[in-house]
Structure formats: C-alpha cells, structure tokens
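Some structures to go through are shown next.
Shared between the two complexes below is chain A, which has chain B as its partner in the first and chain C in the second.
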Partner chain A sequence: MNSLAVNLLLCAPLLGISLGAAAAELPSGDEIARRINARDDGQWVSRNLTMELTDRRGKTRVRNTRGFRRYYGEERRTVLFYLSPTNIKDTAFLTYDYPDESVDDDQWLYLPAARKVRRISASDRGDYFLGTDFTYEDIKLESKVSLVDYRRKTLGMEVVDGHETYLVESLPVSDAVARELGYSKVVSYVDTGIWMNRKGEYWDVAGNKLKTIHIKDIRQVDGIWTAHRLEVENHKTGHHTVFQFSDVDYEAEVDDALFSQQALRRGL
Partner chain B sequence: MQAITFPERFFRAVTAHPWWVILLSLVLIAAAGSGIGKLTRDTTSDAFIPKDSPALVYRDKVEEIFGLKDPMVIAVVNDGPQGVFNPHSLELVQWLSDEVAALEGIDPERVVSLATENDIEGTADGMRVEAFFEPMPTSRQLSLAVREKVMDFPLYLGSLVARDGSATLIVAEVLDQDQSKEIYEALLALTEKAPVQGERIHVAGEGAVTGYLGTYIDRDASRLNPVAAILITIMLFIAYRSLRAMLLPNLVVLGTVAVALGTMAHAGVSFFVITNAMPVILIGIAVADSIHILGQYYEEAARDPQLPARQLVIRSMMQMWRPITLTSLTTMAGFTGLLIASLMPPMKFFGLFAGIGVAFAWWLSMTLVPAVLTLLKVKPSPAFKAAEPGALRLDLYGRAMRSLGTWVSRNTLVVLVLAAVLAGVGLSGLSRLQVNENRIDNFRASEAIHQADTAINARFDGTSNLDVVIEAPQTEGLFDPERLQRIEALQRFMETLPHIKGSTSIVDYLKQMHRAMNADNRAYYRLPEDPLLVAQYFLLYSASADPTDFEEEIDYDYRTTLVRAKMDTGEFHIEREVVERLQAYLDEHFGDDLTANLSGRVNIDYHWIRRLGESHFRSVGVALLLVFLMAAVSFRSLSGGLLALAPVALAVLTIYAVMGFLGIYLAVGTSMFAAIAIGLGVDFAIHTLDRLKYLVGEAGMALEEAVPNLCANTGRALLFNFAALALGFGVLMTSAVPPLFRFGMLVAVAVSTAFIASMTLLPAMVGLFRPAFVFGKKPQPTHLQTQE
Partner chain C sequence: MIRGLFLLWLGLAAVSARADIDLTGQLESEWAYGYEDDVAQKWDFKLTPELRSDLGEGIDLTVRLRARWDAEDRLEPGRPSQDSRATHNRRAFSGSRAELELREFYITTAIGEAFLTLGKQQVVWGKADGLKVLDVVNPQSFREFILDDFDESRIPLWTLNLEVPLQPGWEGGPQDLVAQILWVPDPTAHDIPQDGALYAFTTPRIVPRPPPGVPVRLNDAALPDSLVSDSDWGLRLSAFWAGWDLTLNYLYRYNDIPILFRQLTSQGVEVTPGFRRTHLAGGSFSNAFGNLTVRGELAYTSDVYLPTRNRLDADAVVPVSETATVLGLDWFGFTDTVLSLQIFHSALDDDHAGLYRKQHETSATFLLRRSFWNETLTAEALFIHATEEGDSLSRFKLSHDYSDALELWLGLDIFSGDRNGLFGQFDERDRLVAGLRYGF
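This part shows the complex of A and B:
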C-alpha cells in the first residue's frame, strides 16, 4: 500500500515531464499553417467538377462543369463552364482574385439565354458560392489556409479516415473578421504526412455548429496531392454539397485566353 | 328497528374510521398531485385546432416543404420627417441586427434587416450587389441615399420597410420554437436597453405571441389563484364565523385542484391558455359542497346542542348527500357537454379534467369532510343561534332570504312576467350574436404585443399570412414563363381583396433580376419570356446566395412554389370573405396543369373558426340534454327535468342578451361559457326543487309557507354557494388575458341569473304548473321540521 503510494508520488513529476514533452513535440498552429501553404498545388490546373447539391428533404441538383485555374504571381484566375443540365449549359463564371485585400475581386457571368456577359460585383468572403455550402473564401483558399485571419492552436492528434492528423483550432483574430467570414471557430484535422486538411468543422458567429467539410479520396496527380471528393454538411439547414473532381490535369498549360470575357461567350 | 339504508351505512363507516378516511384522501391527492411538476405549457394558436384538421395537416406539410418558421419580428418606428432614414435610426437598426444575431436561440444567418440585406442594382455593364449599409449611412445625405435605393426595390416595400419610410423591420428566425418564451423575453430586454432617440421599438410575430402568452399565463395564474382562495375564505368566515369552516373547504379545494391538474399532467395533456381558468373555477365549485354540508351541520348543531359529533355528522350527511350528489352530477354534465361537443382540444380537455375535479370534490365532500368533522368537538357557529331548544333563529342572511321568499310567493305574476321579458331580450340578443375572432384581441390594447401588432399592421402589409401553394406537374415545371405569368396574375388578383396590401412570390425576384440584368431599366421589371433565362437567373441569384435562400419561395425541384399575401387584420369575418373569394378564383383559373391550394394562418383560422358557432351550440345542446336527463331521472319526473332547466335556460339567454347588446363576439374564449354555466347554474334549481319536494310533498306544507321556508334555509346556503361561484368567476375578471376576463364575466352573469331565477322563477313556476312530483305525494308525518 505504502510503497504503491510512494511509487506514485515519485513517478508523478516524471509523468508530468513526459506529458509536457509530448505537448512540446506537437508543431504549433502557425507552423502547421505554414507547412500547409508551402505545399505545391500547381501553377495551373484543369479539371471536371460535378456539384451535387441536396436539400434537407433529399432533393438533389446535379451540375457538371469544367473548370480552369491559373496563378499569375499572387493573382488567381478561375473560370467555370457549366456543361449540364441543359437549361444552364454554357453558363460561365470568371473570377480574378487579387492578393491585395483592399482591391475588390472581379467577377463576370455569362448567361447564354441573354447572350450577355455581365460583370457582377465582388461577393463577400462569407457569401455562399454558386448555391453550394462553400463560401467564396473556402473556394478561394482551396487547400490553403489564411495566415492573417486566424489565431491557431494545436490541440492534439486524431485519426481521420485512417490517417494521423493534427487537431488545430483556429479562432478569428477579431469579431469583425468573424462576421466577415461567417465563422467564430474552425477546427481542422491536418494530415501529418502530406499537410492537407482531411476534415474541417465550422461554427457560426453565434457559436452554433454550422457545417462539417470532409475531404476524401486524396491521391497524387502529376506528383501533387489532390483531393477528389469534398463533402459538406450544413448542420443548421440540412443542406449537403458534394464536389467530385475528375480528369485533374496539372501538366497541360492552361491558356491565358480562357480567362477573358470573349472566352466566356465562346464557351468550350 | 328500521332497516339501515346504504347511505346511512356508508356514513356510519366513514365516521367510524375517520383517520383511515383522511389517510386515504391524502394518499389519493398526493398520488395525483405528484404529476403537477410534469405539466407542460402549450400557448400556440394551433393548440386550439384538432391535430387531424385537414387545413392544419396541409399547412404543416407546406411548412415542411418550404422550411417555414414563425419568426420574431422587431419593428423600428420613427415618425420624424425622414422616417427611419436618418443616421441614428439606421444605426439603431444595425445595432439591433447585431445584438439579435448574437442572442442564444436565434439563427444568426437568418436575421434579415436593412443592415443585412443587399441592394441589387443594374449597371451599364452588369449588376452590382451591395449592402444597403455600404457605406454606413452616417450622414443625413447618405441616409437619404439609402432611402432612395430601398424605395426602388419593390420586394422590400411593405414587407421589410414601410411604404412611407416610417418604419423598418428586423426579422429573426428562431432555431428551436420551444424557446419562444425565453427569446421573446430576451428581445424585450434588448429593446429596453437599445439606444433610442425618438424611435419606438416593437416586438411582434407569431413566435412572440406564443412567447408572450407563456409569460402571461404564469403571471396571471400566480395572481388569480391566491386571490380566489383568499376571497372565498373570507366569504366562508362571513357565512359560518368558525375556523373549521374556513379551513376544511380549503382542504377540499386543494385536493380538487391537485387531482384535476395532476391527472392532466399524468395524462400528458398540456396546460393551455384557457386551462388558467380551471383552478379558479374548481375553487368555486369545490367549496360549494362543503358550504351545504357545513350549513346543515351548524343548523343541526344549533337545533340540538347535546348531539355527539358523530351523530351530528351522520344526520347532516343524510340530509345533504342527495342534493350534493345530484348537483355534482349535473355540473359534470355541463363539462361533459364541452368534452363531447367542442371541436377544440383545449376545451375538450377542460371539460374532461374539470369534470374529474368535480367528481373528486364530491368524493372528498362525502368522505374527508364528514371524517374531519367527526374528529372535531362540536362547536356551534355564531351564525346559527338557537333561540330555544329545537328551534332556530335566523341570521341577517337567512332573514333577508326569507323576505325574498315571502315577496315571491305573493307576487308570482310579476316574477313570471319579468322572466318572460328577460327571455325575450335574450332571444333578440341571440339574433344579434356574431361569431368572430381576432387573435390580437386576446391581448389588452395596452399590452406591448397588441401595440406591436397594431403598429406593424398600420405601417406594413400586415402580420397575417395567406398562402397559395402552386404545383406544376413536373420537375422544373415552374421555369415555364406562361405558368409564371399566371402566378403573377393571381398575385394581382389577391391584392384586390380587402385588407391584402401586398404579396410576394418567386415572380417578384425574377422580375427584379430581369431589370437588374438590363441596366436597371424599369421597362424590364417584368417576367422574362425565355424558360432558359429563368433557369439561368436562378443560377445567377445563387452566385452569392445561401443555398437555402429561396427555400421559402420555391422547392428544390422548381416544381412547387409559395405565393404569400399579407393581411393587416386577423378578424374572422374579413378572413372569411377573402378566403372564399380567393378560393373561387383558384377554382376558376387553376386546377389544370397547375394546381393551387390555400394555406397559411388565415386559411387555418377560416377553417376552424367557421365551425366555432356550430361547436358552441352543440355543446349547449348536449349540456342541456344531459342536465335535463339527470334532473328528470332523479326526480323521476319529466316536468321535474323541465323545471330544473328553466333557470339555466334563462341564464343562457341572459348571456346572449349581454353579448348581443354589448357587441361581445362569440369567439374562442367565450364559446365555452354556456356549457359551464348550465352545469353550474342548474345546481340552484336542483337544491330548490329537492327542498320544495321535501317541504311540500313530504312535510306537507302549503306552497306559500314552503317558499319562505325554502329561501331562509336552503336559500341561505345557496346564497353562499352562489357567492363562492360568483367570486371565483369574478376573480377571472381581473385576468390580464381578455378572453378569460370575458369568460369570467359571462359565467358570473349566468350564475347570478340562475341563482335569482331558482329563488324566484322556479317557485313561481311550481305554483303555476303544480307539478305532480312536488305535490303528488301524500303528506307524511313531519320530522325535523324547521320552525321560524
């Protein structure tokens, strides 16, 4: 009895030290963010994207698109052409994202039935993207993270879909940023080997659980780790979004001319 | 020795084992009362509608399809020259929007106000979607610019912003409707501390109404019940001037209320707005039985002071069990009328559980009251003094009642004529009676919620929804411009109906987008003609919209859509006209490849209030029939049954007279008065007839002698019985909930009429018709004859 107690007492400081050591071994939140952003995601990419949108009653809209992206330094240009369903076929959406926060992004939409390209004003970062459960900020960052919007803390480790991940909690740096993004907290599960998110959980500005993004089917294409399936569940509305990527190609150079109003009109 | 009857054996047994009887009563009360903590509140308007009502079932389905919820609505009103379009009011809107979004239980993404919404504006090369408050309108000039933008946005006029600019709304969706009460209170607290400079803030909406009622039910109940109990205790003191006469009836009351509410809780039935009236009513009813027993007890004690307690109790009970049982049965008959004939679940449950309460009050009066009295030493009441052994001296109340009796027996013709006149007035009142209901009239005009509703109805399109659900035969069927044009035509028609000032549907959004895509040219504020363009506009809208943004307007398949009109009144007779005319339009213009069905609050109200009159007269009929049957059976006489009905019939007619001439509508709250008044009012007639039958038929008195005698003794007890009921219902008149007030007033009027008629009209009618059940029996040797 006594000896057990003594042993425990003796071991206590040692246990404390070893726990502390384990915590110290976890990379900091900022370190993890840096590693994520250091990952190569190709100067350009072309791919097919199927959006599957399901409302809380189980009604589904499926939209097939072909999309292109290219970096011009820090500037990012994307274009998305709708292939089906028929009534929105050839509708196209072009975006220029500028690195300078103070400059509004540019967006154009081509509606074939009106035969007009229309400039539409920049969306807020927290606005939803084309009827999906992703916000413009989610789409813009793609697999990257923002270094200025959040303060990060590594909470521990967890296994997601059989992979070791770091559990990172991100809190917006201010209420204003939280309102802009629509999030008061994000918890991410970052793969320890390839520095990619495998899962993200989001809370709205009032602290209600908002949505969960699940990143699946991550495999290398042209040497670049690529997520092929993104699943989002909105916990408040019951709405779901599935993004399914296919024919991902980082090698074939994406033509500059694609990112123009003429290209929108011309179509694919 | 004579054979002992069952009642006598029963009371001998009860008084032989008083402690066991008391213990049994307490166990029963505790067992039933233990459930009270589980009682849940249901203050929704829907609670009054049968769950299987087709209009309600359909509305629930529509709410499910379109994800509709009852939002909280905050109105900011400014009657200054610029209305709300001044820097301070707009800043207040921003402040309220932020604070509301941060409240627990509110969905921050579903807060809609000028501060959260975007202006969609067409430009030369495209479309600009920008927040109205971008930049924040900090100057008078910027505020007026916001006004200009908003006034050019037809969708928001009348719905989000008053057409004259004097007010604007902040609409917030609640995550869990069960939290309405807490959220409503939090919103009120928020408006208290809002930085106001000349603005007025109102909180309204269906959710707010429900929340408000929750708060007020509690506040009302915690005031009404103690007041009723105290008043009745004071009355008991006046009647008997003894401690036991004050405490014992209260014990019965406590047990009765505990059992009624406890069984309700055990049965899983909710506490509705009108359930608040039940404890107060039960207090009045439960105390009546004790009043009659105590009256007899003190009378016997005064007459024979040497009688041991147990003998005294048995003798009193033997006199009283029959009328008490009979009156309990007839009161239950009244409640049964509600139970089986009312269409509204809260009324049905009211009838059922009040009936259970009455039954238990009877049981306690038959067991607990004699058991306790047996244990107490006989102490005469100062109110009952014996002038000499064997005789009784009447107190003030007894003498007053006797004078009334003497007057009646000498003026039967006057009594009969007065009654006939009253009945005539009642019939003419009945012909003026209107079935109507206006939910907001359930609140006093001085209440915040009433003022909020009035303000919003006056400045916006209205607070009552009238919906039309349009369904196309196939998915994406609503991209068809021809169909959309029919919906547009329907909206134009709806706006011609009385009290409909505006309507919205997906058509309005499409027109707005069409205009914006064409450089804001007003000529393009119309539906596009190309179905592909309709489809692409929906995609365009989604460019920056929440995926569930259109959920409340159109389903995900673009097949079913909701047209919502707002009415600025909730008055039934207007709703009826609107619904019937709209239905005729729908029958004529829809039903081919586009079906159209009515829904929304207005349609539901129409469908169930339409049956309110029918429900009311059915419950009156059933109550009258049951009361007649019971009286007829117990007097073994048809004429006995008819006579017992006379005072209550007159009482009900008097209520109709009051309602007809004061313009009180037959509404939800007032519709249940009659059945209850019949069940309660008939008690006086039964006691009167029972006593007359005894005095004339058995004691062999002449009617002229019997009537003053009847009034002096039975009449005295009935006077206090009446006082207890009148106090109970009178207390309801202090309720902050107007339907309870009106209900209390009408029943009080009815009970008074029934009491007076039983003391006057009934003896007069007995004299006129000389029914066999009173006069038929041969005079028998008297015993226990009361002397003056």
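This part shows the complex of A and C:
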C-alpha cells in the first residue's frame, strides 16, 4: 500500500472523511487510460532519440536515431532510423498501428547486412527492442496505453518527482496476453494534471519485479506535453536503458513517403 | 588501378570536406582453418571505408571501397583472370594477396515523386534467406562458395535504378505501390573460382567431366559487350495490400554462369564458355499471422542451359526452362528467438535425359537464432539440405558485440554428402572460423 493511502486511512476518522467517499473521488483505471490516450500528441512529430544501453558491469553502448510519427485518422505510423554507430547504422523499423485492436499491427525491420526489409511478427511484442529494456510494445505505444490488454484499478495517489499522480494497477486480461507482453502486472503513476505516466513498475509472468521505467524532463513543445528522458532499470539483469529525446518538432509536416518500405531501404 | 582508386577516394574526400560529409567504415579480419585437410583457408583483413555526402541540389553521393589482403592466398591463388567481369567492374590487384575494389559508387536524387539511384550498386530482390530465386539482379562471387555474407559476395553492377510511385486507381487498392525500373549496362557475371582454388567447383552439375583420355581445350569466355543491346533490364512492381507485401518481378538478362558449349574437333574437345539471354518472371509475398511470418518467392526462368552427359548432344548443353519456388516460415514464439524453415523446389519443364540434375529437386533450410544479453550475444545454427543428392551444409556461429565498435565471432562450417552434390563437393572443406570487426 502506498504512503498516501496509508496516511488517508490513518487520518480519515479525524478528518471525518468516509473511505467510500475518498474512493469515489478517484477516477477509475479505465477512465485514466482513456484520458491518457485522449491527450494530444500531435498530428505528426519528428525527433532525435539517443539510446544509452548500460550493462550490469557499467559498459555503455550508444545509438543515435531519428524517428517520425504520423496519424492517418486513428491509424498511427511510426518509423525509426538508426544513424550510428557503424555496426547498426541504417537499421530501420516501421510500424502501422491500427485503431482496431483486434487487428495485428504491421511491422517491418530493415537490416542493412541483408539489404532486405523483413516482415516481423507483431505478436513478438514482448521481445526487447533491439537490445534495449523496452519491448516492441513499449516502443509502439510511446506514451499511450492499450485499452484491451489490461484490466485496470486505481489504487490511490502518490507524489512522484514532486507531481501528484494516480496509482493504477494493470493486470493482463488473460495468461496468454501476459505471456505475449511479458508482464503479469504493471503499476503506473499517472500525472493528475497532464495525464502522462511519470513512472511505471513491471512484474514478469512469474510474478517477479522486472523493471522500472522513470519518465523525466516532461515539458511542453509546440504546446504538447513531451517526455524528453526515459530511464529503465531492469531488475533481473541489471541492465539500464536511457532514451533521450531532442529536437522534437510537432509543427513541420512529416512526409508520407517516410512510412514506406522504400524509405526503410534508402534511409535518411 | 589501385593508385587510381586511392586518388579517387582522396579527391572525393577533399571535395566533400566542404560539404555535408559522413565518413565511416569497418576494419575486419577473419581466419578460417580447414581442419579436414589441416590448412589455413584464409586469414584476411578487410578495410571498407564508406563516404556519404550531400552534393547539394538534393543529390547525395555514396562511395564504398573494399581493400582486402589475404595472407593465405588459397581462395583465389595468384591473380584471378577476371574474365567474368566487365572492364569497368574489375578489382585492382597488387601482387596475389592484395586487392582493391570499388564496391559502391552512386548518387541518389528525387525526380518529382520518383527516386533515382544511379551508379554502381546492389539491387536486392526477394524474400528468401540463403537461397536465391529472385535475388539474381547482381551476380555473385563464389570465392568462398556461399559462406561469405551475401552483402560481401554480391557483385555490385553499374545500374540505373528508378523507383516511381504509382496510384492504384481505385479506392481500397494497394498502398505503397511502386514501380522499379532497372537498366543494367554491365555484363559482369558470377566470379567462379578457377582450378586450384579451395572452393573451385568440381560437381558435374556445373563443371562436367570430359571423357577419360580425351584432350580438352578451354577457350576464353567472351562477355556480351554492347552497352545498349546487351544490357539487362528489370521491372518490379511492389505493393502493400490487405496486409500482404507483394511484388511482381521481371528481368531480361544474361545468365551469370558461363555455359560450357562443347565442340568435337580432330584434336579432341574444345569448350567455349558463353552467355545467353534469359527471361525471368516471378513474384514474392510475405505476411504475418500471430507469431508466424510467411514469405515466398516464385520465378520462371527461360533458356537455362544445363550440361548433359549425352555424348550425342552436339554442344553438350540443353536449353531448359525452370520454375523455382521457395516458401519460408519464421516463428517468433519464444522470446528473442527465431525459428525459420524454408522449402525450395526447382522444376524443369521436362525430364531431359542425360542431365546431371533431376527434373524436380528440393532443398530445405532450417535456422535457429537466439540472442542473449540485450542482443550483445547471438547464437545461430543453420542447416541447408539438398534432398536429391542428400548433401548438406551445417553452419554454427556465436557472435558477440563486445562494444559499440567491436564485434567478435566464432563459427563452424560443415559440408557433408555426395561429392557430386553442390554441398558435398566441398566435403573436405569443413572449417573453423574466428573473426572480428571494428566499426569507425
């Protein structure tokens, strides 16, 4: 139980607040999820992303990428191009994310060594994305959440990095979904003012604490709240990943042609 | 020529110094030990600098060189003749161990909605791994048979490559519909190791054996040499439709394996390697279904000339047409793991008596790849099995990304089966491999 909830329990009789009334004031988990997904994240965006991957011995690998996203109605297309280092340069990843959650996403990966665009399974979403501690699903969703994969419950409120957050527990709707995602439970800390996650804690399918994602440096760009730093600590492997976003631009229109297999082959 | 390529590189670097330039490269060394015959097959060092530059006006330039030095000189002993290479697509040698090759030299630019890639380049078609059905635009070097990475063994050609986006013309039609038009005025064919090389072909499927005691005279091969009339032409239509990645492919080209035309003379047998036109028409597809991806290719090739053992045949080769198909399944059900199965089938138009191959032949590949430690360690096992001859190739590799810049690997390649088979001919070439690659 979190500290704020404990304090509320202890103080409730003194304050004359009924627990039922306190619970009623908290939005439901589903309502919070809807609010997260309703948050404006722009018609399109372009940005640089630096990935720092650090193993348990402290050895760090750095990848520099440039990414683009664009909405087509409710369909979201995302593409990521690796710029450096040399051994991974020109690798590119493209996703078509469809609004109908019963329809699998379409995903392609371009591997320069093979010079071929490979179709990859969208059910592979629990695998880690190119050596990071984010899964393909984490990468695809960005700051949004799936409405169909989890049952949600609001547990209370807590302060994270000086910001008030709702504490939301999410449990996969089935064992099959849990295995697919690689998570048996997720606890999210959702900012009450801007409806963005500030922290997430994840448990693996065996029920062990798996990883913690800390979202930092959230500020507005072109009027849109934007996370600029994501830190992940994998508790099982001791591996860390830091995503650092820069040159975020929601105003310059992103070219349709970037979201194609031809663009993956050509690179930037 | 080495001096010329070096000066070209310096010149480009100097010119590009004032422009937007990206200079990267790799230094690689690989050692291969043939444990069956206790011989070091190779110990080579490769330097592959790559320059990319924005020339302005929306034009980008890519230049990639490959300098290679092999201490053992057993894969191509001495200086290869390069008869199979067009004069403007040859490697420059210094002694018998060092060579320099212009691997890529092309500009890219948008022309309206279209995209042009002009110059020496690789064009890769198809969805198959390790087996070539549609991936035949560029010829291949068989210096290390098929053990080298295709990216390294594929021979880049001087090519005009124009990609034109098309509109489907009706609602709900295919997305991402693109026509690719190729003009390849470069007749370079496969690099086939000469006699004495470690991976020289011995299977009669490719190199038929003369009758015992009959003297054989081998004439020089003559590549087609007319810039326009001997050019290869290609067209590919690609689209994404209802979840499927689809292509239709057509290629009008010369065969890349020299046809060994035989002529009986009073002195014995005279063999003249030659090249003939073929039409290739086919297509490919891929899609994902849950944990499974499905991919495939089909290609019909006309005028494939195959050697025959029929002594009554006038030139000892038979023109046939071939239909080749490959179906691949990739399963991603286990974390960080890929299981891949491919079935390859080749069918000739008829059961021609005397051919060294059967009318129907099937091969299968099985790949298991798993990554560990946040994809810094990868273990891979690949099996390729030819059903009719019963020969096979097994490959095992463990590679480690020690750092951003440094990759290390160990490998084991095992050939087995009938000496007449494509893989069995190298039954005594099993090898251990160790290598490293440094990126800068």
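Methods note: the second predicted complex is superposed on the first by the 224 of 268 C-alpha atoms of A that agree within 3 Å, B and C clash if a C-alpha of one lies under 4 Å from a C-alpha of the other, contacts with A are read in each partner's own complex, and residues count from 1 in each chain.
Simple rule for what comes next: a residue touches a chain if its C-beta (ideal position, glycine included) is under 8 Å from a C-beta of that chain, and two chains touch if they have at least 3 such contacts.
Please read all numbers here as calculations on a predicted model, not as lab measurements.
> Once chain A of both complexes is superposed, is A:Lys236 in touch with chain B (first), chain C (second), both, or neither?
In the superposition, A:Lys236 contacts chain B only.
> Determine, under the contact definition given at the top, whether A:Glu251 touches first (chain B), second (chain C), both, or neither.
After superposition on chain A, A:Glu251 lies in contact with neither partner.
> Figure out whether A:Glu31 sits in contact with chain B (first) or chain C (second), or with both, or with neither.
In the superposition, A:Glu31 touches no partner, neither chain B nor chain C.
> With the two complexes superposed on chain A, say which partner A:Gln262 touches: chain B (first), chain C (second), both, or neither.
A:Gln262 contacts chain C only, not chain B.
> A:Gly182 in the overlay: touching chain B, chain C, both, or neither? Say first, second, both or neither.
both
> Quick check for you: in the superposed arrangement, does A:Asp104 touch first (chain B), second (chain C), both or neither?
second
> With both complexes overlaid on chain A, does A:Tyr128 touch chain B (first), chain C (second), both or neither?
both
> In the superposed arrangement, does A:Asn208 touch chain B (first), chain C (second), both or neither?
first
> So in the superposed three-chain picture, is A:Asn87 touching just chain B, just chain C, both, or none of them (first/second/both/neither)?
After superposing on A, A:Asn87 lies in contact with both chain B and chain C.
> What residues on chain A does chain C touch that chain B touches too?
On chain A, the overlap between the chain B and chain C contacts is residues 53, 55, 59, 61, 87, 107-108, 112-114, 116-121, 123-124, 127-128, 130-133, 182, 237, 239.
> Quick one: in the complex, what on chain B touches chain A?
64-65, 67, 101-104, 106-109, 123, 125-130, 175, 476, 479, 517, 528, 530-533, 535-537, 539-540, 542-548, 551, 555-557
> Which stretch or stretches of chain A touch chain C in the complex?
These residues of chain A touch chain C: 53, 55, 59, 61-62, 84-87, 89, 104, 106-108, 112-124, 126-128, 130-133, 182, 237, 239, 257, 260-262, 266.
> Report the residues of chain A in contact with chain B in the complex, numbered from low to high.
53, 55-57, 59-61, 82, 87-88, 91, 93, 107-109, 111-114, 116-121, 123-124, 127-133, 136, 182, 204-206, 208, 234, 236-237, 239, 241
> Quick check on the complex: what are the chain C residues that touch chain A?
Where chain C meets chain A, its residues are 24-26, 108, 115, 122, 124, 126-127, 129, 149-151, 163, 165, 176, 178, 238, 240, 243, 245, 286-293, 295, 330, 332, 335-336, 373-376, 401, 403-405, 407, 437, 439-440.
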